[in-house]
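Chains: A, B, C and D, in written order; residue numbering restarts at 1 for each.
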Amino acid sequence: MTLAALKQAVLEANLATVRHGLVKATFGNASGIDRVSERIAIKPSGVPYEEMTADHMVITDLAGTTFDNRFRPSSDLDTHLVLYRAFPTIGAIIHTHSTYATIMAQARRPIPPLGTTHADYFHGTIPVTRDLTAEEITERYVEATGEVIAETVGSGDPLAIPAVLVAGHGPFVWGRDPEQAVLNAMILEEVAKMAWHGAALDAAPPPISQTLLDRHYLRKHGANATYGQ
Amino acid sequence: MTLAALKQAVLEANLATVRHGLVKATFGNASGIDRVSERIAIKPSGVPYEEMTADHMVITDLAGTTFDNRFRPSSDLDTHLVLYRAFPTIGAIIHTHSTYATIMAQARRPIPPLGTTHADYFHGTIPVTRDLTAEEITERYVEATGEVIAETVGSGDPLAIPAVLVAGHGPFVWGRDPEQAVLNAMILEEVAKMAWHGAALDAAPPPISQTLLDRHYLRKHGANATYGQ
Amino acid sequence: MTLAALKQAVLEANLATVRHGLVKATFGNASGIDRVSERIAIKPSGVPYEEMTADHMVITDLAGTTFDNRFRPSSDLDTHLVLYRAFPTIGAIIHTHSTYATIMAQARRPIPPLGTTHADYFHGTIPVTRDLTAEEITERYVEATGEVIAETVGSGDPLAIPAVLVAGHGPFVWGRDPEQAVLNAMILEEVAKMAWHGAALDAAPPPISQTLLDRHYLRKHGANATYGQ
Amino acid sequence: MTLAALKQAVLEANLATVRHGLVKATFGNASGIDRVSERIAIKPSGVPYEEMTADHMVITDLAGTTFDNRFRPSSDLDTHLVLYRAFPTIGAIIHTHSTYATIMAQARRPIPPLGTTHADYFHGTIPVTRDLTAEEITERYVEATGEVIAETVGSGDPLAIPAVLVAGHGPFVWGRDPEQAVLNAMILEEVAKMAWHGAALDAAPPPISQTLLDRHYLRKHGANATYGQ
């Protein structure tokens, strides 16, 4: 992939998060990686979305070295770097403060698979991280955020459940590429909204069975997927 | 009806579900049937709504045989076929994951007639199916979804209560034609939203009386309808 | 006022209810009266909003006699007539099934003055009617709806609290003219939304004091109003 | 700053509150002050937003003396004046009845820092005022509203927590300039929405730690801020 194509895809992912109502003000950031050249493109810090162009996207390597000094990268860059190093199969990351996913992150409530909307995109419960320690926050906050996400995913397949809610903060979502990450961020917000409404009626709403979860997830993902043209 | 007219009506029903906010991403599908020729038009699988034209609609017969191989039909085709065979009076089917109807489907909560908004379109409680068995999910999921809907409607008039919530999944809605099915899907989402809000205040909100239910429903439906021009 | 001006004002009120999200499908209707000529203009029955013109408005007298037979009036005409006869100071009526006002009507929950948003437009609790009897529903439903609203207002000033929630149905709202009635319907929906959210947190949220209620209401209404240019 | 620039900035802040859905009807008002000339520009009373131009903004001094008589200032002018005198570091004030902030004001519920969205803009709990006394309401309502806000802020830094919820009324928000005040009003509504949803699930949801609150707030504010270009 050319750097120009990567920057354009990352720009579009950033703009899509605003268009879909997932991001207000300058909250949120999207990045993408070309795994061949190991180059990352990420949103610049504090540039208003309405002025943002592909050229604003900041290019770094996996260690966070930037390749020109025109724009400073998102203040969450180090979280993205930790995740790209920890999860070699992912190609894009999106961070938002989307309303219902953030409500669940603030309430420290994981999102169980309550229906097939969830099962079509997330192959199990979307987890919440533990709280960061005072030392982690003070000494190395942004990296520690990435580390606690990686710790929460553990030995699981990051593409099978491509999101984690950071306690007291909000969601980080990823995918094979920027377009898929946007879709996952959108569906996460929808399933979080549904889960909140279920929890408000009923303290422990029933998750769907593993059989139904598999049926829906595997229809759209993996070697035996049958969905689409 | 010509096939071209049927395809156009089904395209418009699919686009209307998006325009009315009932469908996100590629969730949801609408179909219609011409009962004279027994030809069904249904949304293709996984084609983005913004690119969809009447020509993408896939034509099948009641057994699901398609008449050309350019596009694959919606992965929910077999559910639609079961319903067209079980309910000879219906002319269109819409499946969505619209937010509040899905919340109620996930919570396994039927929607009682709490007011005249409901009574104008649904002549009684909108039911929830039982959960599918593991065998049904594994062996014949899409057909079994249709069968459990038909089982839930039982000997009732499918046009009197033109929707069922599939447990842990979402609503299937129908009507005499695609336009009416869209309207029913829209009203279902609205009455589901109202029912959720009622249930959140009050565990068992009072349904309206049978007399009021009849008064409103029969004003708009059946031989003695008086509504409209 | 000319009939043409009355029809135009009533058309605009009907369209405003849709634009402000108070009316979906063909639910809802607005009317206005010229008290000099005692002519009423009301929305026609079942005409889609997007096709509606001033010329579709149906003209009647206070007994409901129409003056040409091109369009049938709203099926709720008799409710409007009862209210125009019972409340000589009102000049327009709007009926909607707006979401939160209807949720409160279905839950039989009056809306107390919980804040100054309410106090600026409604000088006290917005009441809910009793349920209609089976006989009222069967024999004279539309008139009885007007009568139960008038019974609920009783000897109160209909312009001081210009709305009633009809139990299991939805709001009827009025004002001195169509424009004011639209504004009252909009504010009703907003205060109903706030009241629902308050009730969901707290079974009996505190109303504001009579002093604060008076202070806000009388700033905008009556002989000593000081608001505006 | 020229008066023309001040009027334009205040007009834009007023229009932004409507565009962001914080203000309905003619609720709400924004003002700004030029601290050098001690001139305040404020929204006129009861002028519809769609007709409003920079020229409608009313200019006063800190005592409320206006400099021409073409338009009457917002009926809340005296509240703004009290706040500009009490808080010398603020440069703009916005009052809205935005839905969730008003719901919390009606429920007398302060908004604790439940997450980093809050921490990025508000360095602690957003407080609710005490109720005004009957005498304050009767004798000097608009000034007393400003005084009770100042009393609630007390010796705190008004720019560190730039909003107060007035009990039974709604939010007053401020900032260094009109643009920042709009942003604070927007984020307030979002954190109020999240706080309401948290409270509906869980009577006492956990605030984030002081360490995390500081980490986020100080990243964007003060001498060591690192956010942006």
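Here, contacts are C-beta pairs under 8 Å (C-beta built on N, C-alpha and C of every residue); 3 or more make two chains touch, one makes a residue touch a chain.
Since the structure is predicted, the reported quantities are computational estimates derived from the model, not experimental observations.
The most distant chain from chain A is C, comparing centres defined as mean Cα coordinates. Overlaying the C-alpha trace of chain A on that of chain D calls for a turn of 90°, given as a multiple of 5. Chain A and chain B have Cα centroids lying 33 Å from one another. If each chain is reduced to the centroid of its CA atoms, chain B and chain D end up 46 Å from each other. Of all residues in chain D, those touching 2 or more other chains are 200, listed in ascending order. If you draw each protein chain as a dot and join the dots that touch, you get one closed loop, with every dot joined to exactly two others. Those chain pairs judged to touch are A-B, A-D, B-C, C-D. Touching chain A in their complex are the following residues of chain D: 114-117, 120, 183, 186-187, 190, 193-194, 197-198, 200-202, 205-206, 208-209, 211-212, 215, 219, 226-229.
Against chain D, the residues of chain A that register as touching in their complex are 24-25, 27, 44-47, 71-72, 75, 97, 99-100, 102-103, 105-109, 131-132, 134, 137-138, 141, 168-170, 196, 199-200.
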